[in-house]
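Have a look at these structures, which come just after this line.
Two complexes, one shared chain (chain A), two partners (chain B, chain C).
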Partner chain A sequence: MIVERPKASSPIEGSPPLPVDASDRRMRLMRWGLTLLVAVGAVVAIFSDALRGGGAPYLYQRIQTFVTIFLGIFIEAVPFLIAGSIVSGLIAVFVDQAAIDRYLPKAALPAALVGGGMGMVFPVCECGVVPVVRRLYEKGLPLSIGVAFLLAAPVVNPIVILSTYSAFGWGPVFVGRIVFSFLIAAVVGFLFGRARPEAVLRPAVCQLHHDASHPVHSHDHSHHLPNAPVGLRLRQAFNLAGDDFFDMARYLILGSMLAAGMQTLVPQSTLLAIGQGSVISVLAMQALAFVLSVCSTVDAFLALAFAGTFTTGSVLAFLVFGPMVDIKSSLMFLGVFQRRIVVYLITLPMLLSLLMGVWWNLNVRW
Partner chain B sequence: MNMLSRPRFQNALKALALLALAVFLYTRLAGGVLFFYINQRFVAYTIFAIVGLVMVALSYRPTSRQDKADDALHSHYRLGWAGLAIVMAPIALGLLVPPQPLGAAAMQNREINVASQTRSALPAAVRAAAQKGAAERNLLDWLHAFSTSPNPAQEFAGQPVDVIGFVYHDERLGENEMLVNRFVVSCCVADASAVSMIVRWPDAASLPNDAWVQVKGVLQPGEFNGRALPIVVAQEVIPTALPNQPYLYP
Partner chain C sequence: MRAIFTVNSQSRIGSFDLTVFGVVSVILVTLGVVIWRGDRIGLQVVAVTPADGSSGVSTRSQIRVVFDRPLAQEAASAQLALDPPVEMAVRVDGSQLIFTPKALQPDTLYTAQLEDGVRSATGHALRTPHVWRFTTGRLQALFTRSVEGKEQLFVVPVSVETRDADAQPRQLTYSAGSVWDFAVSPVDARIAFAALTESGGSHLWILAPGGQPALLLDCGDDFCSSPSWSNDGELLLFSRRSAGDYAAAAVSPPRLSIMHVASGERAPVFRDSQKLGFEARWSSDNRWITYLSPDFIGIGVYNLESGEERFYPTQAGEAAPWQPGQMRFVMNQERMLGDRSAVHLFLVDPIADERINLSGEEAMVEDGAPAWSPDGEWLAFRRNITEGPNATLTKQLWLMRSDGSEARPLTMDPDIDHGPPTWSPDGRYLLFHKFPIKGPDIVISVWVMEVAGGKQWQVVSPGQFPLWLP
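For the complex of A and B:
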């Protein structure tokens, strides 16, 4: 599945491989190009819409709606992002790399299972989990654990379990959500068991990951500072939290803008007109989860609104797939993983939860 | 050396950007417009975010005590102009576009739950709504109440109604009719869905979209889009100010 592809080697024999800076720059260029494309597309869509719909006042109302939804998602997500960043900073400074090395399994299967359950220890939602995972990778966390943790933690954690329970009570949706989130995350994590870190992680993250797994020269990059006073170590932790926050906030903000733009332009009825087909309803709810980008701590209450009109399998798909992947989190993944891997991280959970939803619709009568 | 890459300048820039975000969130909170964006039970989270942002910003303060500390503290992330511009975008948009809750413009794009749509969910809320007196029910309570009845149009006929909401003129309505609506927000406005009642009022056409009104009237059996459902025949429509909390919470 995830095959390591050798980096395109230069035709000149003996020349060094592509320097990190160049690929990073190309990546940045690519990202900006993509952003620009989306922005231009959105502007064109809004204006053509406005010309049909009635001119300037209409356009202004649309912009106002866009800004309100964008700020809504952003203000809702900021507390979780800052919390995740602070946890990440504390991990960087206070968690010993040797402990990760000693206590966490490296074999793919146990690693995937441990990663899937790690959300019970680190209760983070999909905005908070990304900086935490990146930091753990820099501490030498095995790939499988990180991927399974990244995908499962937004659901398999005490807060979300509680909110799902209070929305749906004990029943198929509650049980199905937790079990399938864990399973899908573990499966995807397992698939990453054979992958090489340098083919998966972004170069900057990978460098530290490599150093952490080869502790001979690790002291140069470590933020661990075991001999410094606690006050200084705390300050270092918050410094790193700030860096993480800025890095991730960019993706969060662009993602929130995209989500708000989609919500302003695409009528919900296009998605919701198809609530009863066993397959199409699942696809529709997955698309809705991706577009809405609602935080996993509360999406259960939102899903409740669809429970009457949509198939159970599709509601489950919304609750399983949405927290793993949505517009803002998939942009945030770009800060940790290489582009190709982000595509895997979106499509694999998407296909697996589709399979789950359709299977549930066809076979389960609870 | 580029000014941007000087460590001191970087630290100052990061601290100021974080403080700016904290102040921005605080002004939303203090100005009472935070409820335009999120459910009230998330206010505590916003306060936490403000505290967290300030704490992180303070960690970038210049060190004077010892040179050793400067050596020990190092960060790898360099904030560039583009990154700064993106992080400041929420503040810029928030200041350029005056805060306004979702209104009629958002109705065109969203599901409208015209009261009477059956819902199997929300048992607790439904029971609570059923116990309320008719005149105390808000739009969401009415939606819940209707969902308990197999034939709401008949069962609720004659009951008094007193609700607040904003006006939206739907094309499918008759001349003297309008929708009076509230958005229901469980988390933030991204998940808003509208609850609405059809109001019959002779001067309905004179009320613009987004006008906030208090409607007093009586329920009567009616029809919308081919479905039987209760309609409010208004006796009084009083223009009101935007409520402090424009949305309803499930």
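For the complex of A and C:
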């Protein structure tokens, strides 16, 4: 009864095969060329710094910094990814997709609002939420709920609410973080209510989402085994959790390396140095949140260090935008969504939290 | 970007993408409107010191403006205008602007106006000028007088216009033991003083203007003394001698401690707990101190931040005050001129390690108790000439420039020993006591002298060791 996940390259049923022509080859070449250019640029930057800053010892120091930051991010995120993968496996096996159909709203607005609050049921951070969302989509979860859940859950969950309260206490930052995270996630989720799954999800995820949403389909990809013994179901759940973990871990590793590379090349102090003023401070803190890729369960304590010197709006933007989108989670989104959708999922929360932060700075006294 | 949007035929730009573009446009327009409307809250003044409408303000007062958020460093260029005009230095401290006037005039109504445009670290600006008024207090002399065998602090108004010698002094302390020594805060006229206890120890007390003495530090049986205020009035250096286990008289040598007056937190000054010191004086930037070092028998110079130190030998045993606004201090040191000894004043630059003899290389004099004028240009000091026709047994008051030039006597009365001089905040008057050495009635009295004209008049009698208030 164990069903293999369709390969990522398998086409959506009914859709024509992808044309592999000269134009596509050119695009692929361009992509590789761009990647190579960025890599060479990074290496040149590191080496030129090394030449200016004292040669091999300096280079060794930079590499050590990179490794330390990478390990810091990765080790911090892995437990949450494991937890998210386990939840994902349990959902796959124990959650009946009929229940999703029955209990979750399909209209965009209520769906977005429900999605925004689902973190209270599934307390996961931005690393753990991605496999959970992917699994729920495979169970036929409406797009709106999934997107709202994806963006809101890293903040609107009991653990992060508690950690934010511990850091900031009851006040505008605490309330603002929860309210604005929920609102922004709901707005973006509502917007995705207008999208078709095949235009948003990766083909493999979309295939299963389509099957779950249309049960008349000829064969069953569901992992839900209501009549199997519990032991077998748990084994199945952990098998799927392992698959999910390794599937997502490659994005996590890549994202962590990218974040570590950015922090090595662009020191935190550089971002902070430009970070004054009502607008620039928000942009700087958003950039910092994106680059640092700190887990949402602990980022409130980091933000507390900026509270005295940075604008309240920018600290809020750090706390709202960071958990929704950062380097590593952006790459993990690629395991669920198509590339341009990932761009939307970065851009929309970024702009909305920028608007929130700037408005707060210019209109709210605190 | 084009590659992102043309990955395959399923993901070509459709209605959803157009919706996203529309929403992004709306967000950008809204953002533009929010930025165009600009700052709707601005920077707010939370409090000012001296407060609006306050009177009896110390002429040494700093003027503080407290804002609702931390200031940008550029706020140090803020313009505060006082009417009547006064020169001021300004610095930023967190969410405060601190102006240090050169010299406020006593008994004067000041109108302060802080110009708009002061910016916070977060870019918020003060949108309208902030105006307030305060009145400085009359000049007063703080001095000690014996009451039933115990020295107590008194204050008496000093009228430089009428030169009224009949003003009635007011007793400030009713200590069970004598007031041992005292110091006035440079910024707000709070008085820190050490008073003996019945057990032979000495506690530190503080007296705010118009208030009652409050215990600042209960030293138990220990002997706390020689308080010295930092220039911002926030820290206090003092020396402490620990009482022996057997008798109050058997106290240890003095060690320097530092106290944050507002919180009461204190700590030893030196990392080495065995290092001794007393009679400390602060440099203008509050980073360096001078102190008397019994270990080394001389003046110690110590950087409170770095721990860097220097020593200059002397057996004169007098404190070494720093020149206002400069990294130099003045100290006295005994010298042998042939078979006779003299005590000369030296201007010392501890950074450059340079010393200038201010008294003159061959001068047969004993100089001491140097006091800097508020602008750091002049030194008033005590001198007795030990040889020649002008030799006296008593100390006379002298004046000279900070480089030792233009030295001239202010008093020349061999029958009177003159006490340590102190400058009025505006640098126009000196306050000191006179100790007649010939009877029949030997009474120490407090006097004021106009520096420019040399006129002097008695303020109160009896009284000694006067300091200016407010």
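By our rule, the second predicted complex is superposed on the first by the 322 of 366 C-alpha atoms of A that agree within 3 Å, B and C clash if a C-alpha of one lies under 4 Å from a C-alpha of the other, contacts with A are read in each partner's own complex, and residues count from 1 in each chain.
In this text, a contact is a pair of C-beta atoms (placed from the backbone, for glycine too) under 8 Å apart; a residue touches a chain by one contact, two chains touch by 3 or more.
Because the structure is a prediction, the values reported are computed rather than measured.
The wider contact with chain A, measured as residues touched, comes from B rather than the other of chain B and chain C. Look at A:Gln263: by the touch rule set out above, it reaches chain B but stays clear of chain C.
Once chain A of one complex is fitted onto chain A of the other, the partner contacts of A:Thr68 are limited to chain B, with no touch recorded for chain C. Once chain A of one complex is fitted onto chain A of the other, the partner contacts of A:Leu292 are limited to chain B, with no touch recorded for chain C.
When the two complexes are overlaid on their common chain A, residue A:Val175 makes contact with neither chain B nor chain C. Once the two complexes are laid over each other on the shared chain, residue contacts for A:Leu351 go to chain C alone; chain B is not touched. In the superposition on chain A, no contact is made by A:Leu59 with either chain B or chain C.
Contacts of A:Gly242 after superposition on the shared chain: chain B is touched, whereas chain C is not. The intersection of chain A residues touching chain B with those touching chain C, taken from the two complexes, comprises 308.
Those residues of chain A lying in contact with chain B across their complex are 32, 58, 61-65, 67-76, 78-80, 82-83, 85-86, 204, 225, 228, 232, 234-236, 238-247, 249-250, 253-254, 257, 259-260, 263-269, 272, 292-295, 297-299, 301-302, 304-305, 307-308.
On chain B, the positions that touch chain A within their shared complex are 14, 17-18, 21, 25, 28, 34, 36-39, 42, 45-46, 48-49, 52-53, 55-60, 69, 72-73, 75-77, 79, 82-83, 86-87, 89-90, 93-94, 97, 99-106, 108-111, 117-122, 186-191, 193, 250.
Residue ranges on chain C touching chain A, taken from their complex, read 3-11, 14-17, 19-20, 23-24, 27-28, 30-31, 34-35, 37-41, 44, 68, 70, 72, 121-124.
Those residues of chain A that touch chain C in the shared complex are 12, 15-16, 18-19, 27, 30-31, 191-192, 194-196, 198-200, 203, 276-279, 281, 308-311, 338-340, 343-344, 347-348, 351-352, 354-355, 358-359, 361-365.
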